[in-house]
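Written below as structure tokens is the structure these notes are about.
We just call them A, B, C and D in the order they show up, numbering each chain from 1.
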């Protein structure tokens, strides 16, 4: 018989969440058309000695968002998706971030324009900061219908955090519209109280950031949002679980039958609170929320990654400059920790950190690694079966991965905007050799080659979880 | 040797939380001066065939409080304490209820005046509805020092419920001042949301009251207040636990080392949600919050009463008229459930219900009964060793109790104000024969004989739990 | 390019544990050589409108074993594997059953001879009933090395059950040899005590069988074997979990870090204790151990199947005649329940029951179904990646499955030996259209066509779980 | 009025489990006849500045038992009860220890003779080592009826440990007879296996004793006995809980509704495994079973003592000589740990250790201390209301206790037989000033003055717990 392919990836070891197999991959029209040994085509990509992974799916990525006050993001959809490609990620779900008082519909239209520069495929969460009846009743349903099947809410942060009544209304409307609700779950009042007291006591260095956000603020917030979700029967995803105490709460509610899922991020696997105690203002490079915790917390998260309570490793990429009055130093070079904008870049470091801390250190196997960074995020957010797996008919989003190569993470290698990476100098085993989006190389030989504008919006249809 | 007593209670079976013994009780100067067989005095009270219990201590009693809008309480300190005496209770902790915008100091002064009519001894919880810095920093500490060592906060109800920031500030101030914090723990937002939806759907009958307050609103609120209490290291008492799901949360936090205690009330042991489905507006007689639940919830509460998670049975006496435009019918004879003021009278029914449902039905022994209605409330609120026990030096607050007599509960027998008791017609075994306050009869032969004004304010000093 | 296949399965919807995809399957040399749309070969199998599943892997199958006393099995490897093929199962792990006093080595040699008639592939568990030092130290290690990497022990049943000291020695030796230990976990003493008392009281009908084996006998046994396994660091698999109480124990120990896995069987999902109360001696058709339990237990098992605590559905096929002095009636037509041999046939009913109760009734999705009946059993017992999945390089063991067809289960349709099936007359949706072993049809058009002797022994090498 | 007393204890602070009060105690006919301030009698005992406690009740005491092989106990009822008196204990429950093959009836008769020398009151547990039908059906019921309402069984130790079938029969018979079953709960098989392996490896020093008895052998045994007790509805008491992991199991089963209670002993609060690592053979002085564990285990036990899971502190007094071929050195001066008889003396150290580690170190209050060493043991074993409390009508068993005095524990001060105390040289705060049995001093001024033979057998009637 005869089969024609546009390209063939030959000789690699293909890893999916279901197993590992030696097979070639035939690509036609941007999709995976065949899996077999001995495929040929004019264009042959040699994967000998390499792993072939499904392209990473990163479902928690902030790009080109308005800053709080004078600070600003150091990545737009061009630089941000360049970094994604360099890190082996071919799909992101980014945020369409409603400004207070603004229209959600116009917000989404605006983000469609911003995202026109994307080099890889993308979809949007709808960040709702002002859940007026108009937003919830008129704007939300058609936007969900148009493919944005997830809503993001905050339980803390001035200007974006919703109060209980707003949370309830937003969750109720999301359920009706058929959207999954993603939650930044921290108790606002306690953080504010503790921050004020710490600052008043002169404890203002970056290292006090975790003091103001103890684990129990996460535990409380999960209890609260779970009660609302249980009452209203709304599926929810807990963002950035930072410690096992929080994961245990998620597990407890899931065992009770709630549709509750959760993710963690590389920063909670790679850093501890001690990283915030670096000399001078260096600690500000590690200010993100919830904060980094202890080494034993880190170890505990792997337990919950193995047992499925934490099903996704996303980046929570929130990039900004360090040495800039519009970045970490927006309140000065010696600002108190509560004046430092939260967030770090991490899109390109996600797979390397997860692979090194997980697979190389023997905490998870290859299949679980792929599941956490690609397959499960794609499924939970309605991107499967097109994204997140190597299967016939899926998009030919692929990563050639050298499991034995050692690399040192550097700012240059992250390919994102901004002046620093918190992973600077960290040595890891495993690296991206090349990344393919719908069959075309977007990263190879250490260079991002996918052009801006090649990325496509992924309209998500209804799917089982919601 | 010679011992002189003012009175002797002779021939009874004395029950304490520690055991049961046949002994006489010698009383001198209003205190228990001797326990022995064969005591004599000019005044001998025959307790043959009866149990002698320590006078009941009811640590959750609303009297003479301002109503919400045009409704009003049907008991002041005169009628309320008459009912207490009739029900075998000799000590209450009532509320000094700060009006919004009002001074807490003046509130307490006012309640001292109101309570001047009391027939039995009393102390005050400080209900804080408006925790301004002046209230918390200036007024609270001297009031606690003056003997009001407990604070009451609401997490729901318009006009009295505190928001998170207020709760945190109030708990922090209470800890500093050395007060135990009592909490009405229900999630305000969900109740409001559900009530609105039910009413909008035309589901307005009294029986929908429990629909608007499912168990998870309690669970959520306990998780929230426990997080605050844990963070700030504040001892808390959860009021009126209505179901085992809530008690389980209390047990969970206590096992983690929190100083958290809890009570339940006779209404949760005697009624179920079905009582709210009586014909016409009758169900409104059973509207209290949290609401009555199911028979299996009732049974479950006994488990937690036995294992100590629930250490107190209080009345939450909140009396009002039924057939009155200033009572249950304040919004009309056919008001929707959310317009009906919450609360029922129950001071005099507390011991009879607890004895019948507990001891007579074999769920607890006599010692545990006494512990729940007298000894533990006295200890937890700093009234021991003077109140709550039959011991040398304690106040001679005593109840002669006939364990075999059967009575039918009626409004007249409750001796309180207002036009109804929800227990009307209920037959129970066990009844108060007579009640003694500091050695003097305040109730006997079915009549309240303790005069208004005999009750004394109990200034509570520091004690181990706080 | 050109690819030659021996056969192509065309037009089906391929289901794996990782997803569902429309693709053809190219088969060469008995293996899956290609997955792609548009494959051709001389031999084309039309799967239009059908699901294509990996061949079922049944890791708990009793065939051709010596009976206890005069009873005997009604299936040898010929009839048993015929039934497997008819039920969509292409791999079994059966038992090499050491007789007391016998050599384990000779037992395995004997079973290799018995299994020479097999129509599908097979491997062996080593059932150890007499763990002498010679058996454990000399015989066991080379047998494990030869590919029998699992040991089976009984905690109950006279003549096969091991005592504590024997269990410890056997688990210690298994760990050293590198074998997974499968456990029939029930508390022997309580079963014996209860059986004796029930029989003495004249409660001898089949319906008293579950009375003699309450859930706590499973709970106890799991606690015991888990303690031994934890102490000696031995991976264990709990056989035939019958109820959620037992599954909860497994979950508890797994959360503590033990290498403990568990299965359940179709009979626990399809029958309840009421089935044992059929008229006359009919109930004996449902005597298996542990026994069928309640409908709510059945529902509870699905919870643990979904959350992964129960990772496998095996058949525990233990066939015997009903109306025979060498079958269920070995002790007469009216024998007391404890004299009736335990066990039922079920090889061919496994997939239909799991599909109907699971997928059709909405309790699990297609991927989980495949995972439970093929992928996970293959992995846990070291048969992957060759068995249990549809992947390049795997054996072309495939089932064409009609998800919409309704069938009534009958003895004839089970294709096994013996005179009854407990599933007689049960209507289910979903049925096997045809079954392929290494690319060759072994069942089609309602007939078993794979010849005896085509099955091969699967020597299992070391694998991650052990 | 006039009251005559044989004696009055004047000026003390009386502590009961229910509270603390300043009162005198009037004693008449060996009983507490009055509690009052100002009592007089010819004989006045000055308790000024002292605490007055109920006499200690020690419900786990081995005296005058046959040794295993050539070893022997270093205390009979004379010396043992002298030690009890010196340590503030006025009631013991000792063991009537059936020899294998012996009659239980004759055993009890024999122990009545042995106990004729007792200086304080006593009752017996029936240690059943050979549960023949004759013992269980014929001998047990009248012995229970005669006042020995508790049975003791071992799950380990050669020669005394019962197998599962024996445990079941013994528990079933105990329930029928109305006896509480006390359990030495450790998994025999694992201990034997580990001991053998350790000795084979040359790890024979005393410090390896805890290695052979890890916490999981207790956990397993509790799971097993709880299953039997649940099945047969038998009340059980777990002896000598050594660590929180075990206590957690007890708590778990109690929460499920089992009648299960538990004790711990001073040795688990005072020693750790490190004490077994003293130079030479000194560690053998600390060999008891279950073994001493870690400092964090010790701390954890207090949590369960506070929450009531562990309701009793008993001594498990099992005295023997250290430097003797009939004591710890029965197998030589360098015996391997498994050849050293288990057990230590501790009767006199019980109250001092519990007071110092508990009250002085702030872990429990005075009332709880009294509850653990006197009130609850008396209640659980049917000795209340006569023993364990200071109440009208109770035996005048009293201890004058100096809470501020410091003492150094020494062998001489223990007043028991044998050549050592493991507490030698330990400094504690709190000491016994004098001990009274039924109104008569049995210990005072550092000397035991109660004569042998003054102790009486306490026949226990039926009581609520059984």
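Following the convention adopted for this analysis, a contact is a pair of C-beta atoms (placed from the backbone, for glycine too) under 8 Å apart; a residue touches a chain by one contact, two chains touch by 3 or more.
These numbers come from a predicted model, not from an experiment.
Asks: Starting from the defined contact criterion, work out which chains touch subunit A and subunit C both, please.
Replies: Expected: no chain.
Asks: Using C-alpha centroids, which chain lies at the maximum separation from subunit B?
Replies: Taking each chain's C-alpha mean as its centre, the farthest from subunit B is C.
Asks: Let me have the rounded angstrom distance from the C-alpha centre of subunit A over to the C-alpha centre of subunit D, please.
Replies: Roughly 60 Å, centre to centre.
Asks: Quick check: how many Å separate the C-alpha centres of subunit B and subunit D?
Replies: Their C-alpha centroids are separated by 41 Å.
Asks: What whole-Å value do you get for the distance between subunit A and subunit B if each is reduced to the mean of its CA atoms?
Replies: Computed value for the inter-centroid distance: 51 Å.
Asks: Among the residues of subunit C, pick out those that touch two or more other chains and give their numbers.
Replies: none
Asks: If each chain is a node and each touching pair an edge, is that a line, ring, star, complete or other?
Replies: Ring.
Asks: Going by the touch rule stated at the top, which chains touch which?
Replies: All chain pairs meeting the touch criterion are A-B, A-C, B-D, C-D.
Asks: Quick check on the complex: what are the subunit D residues that touch subunit C?
Replies: So the residues of subunit D touching subunit C come out as 163-165, 167-169, 172, 187-190, 192-194, 214, 216-217, 219-220, 223-224, 227-228, 230-231.
Asks: For subunit A, which residues count as touching subunit C in their complex?
Replies: Going by the criterion above, the answer is residues 1-5, 14, 16-23, 26, 33-41, 254-255, 307-308, 365, 375, 384-385, 389, 391-394, 464.
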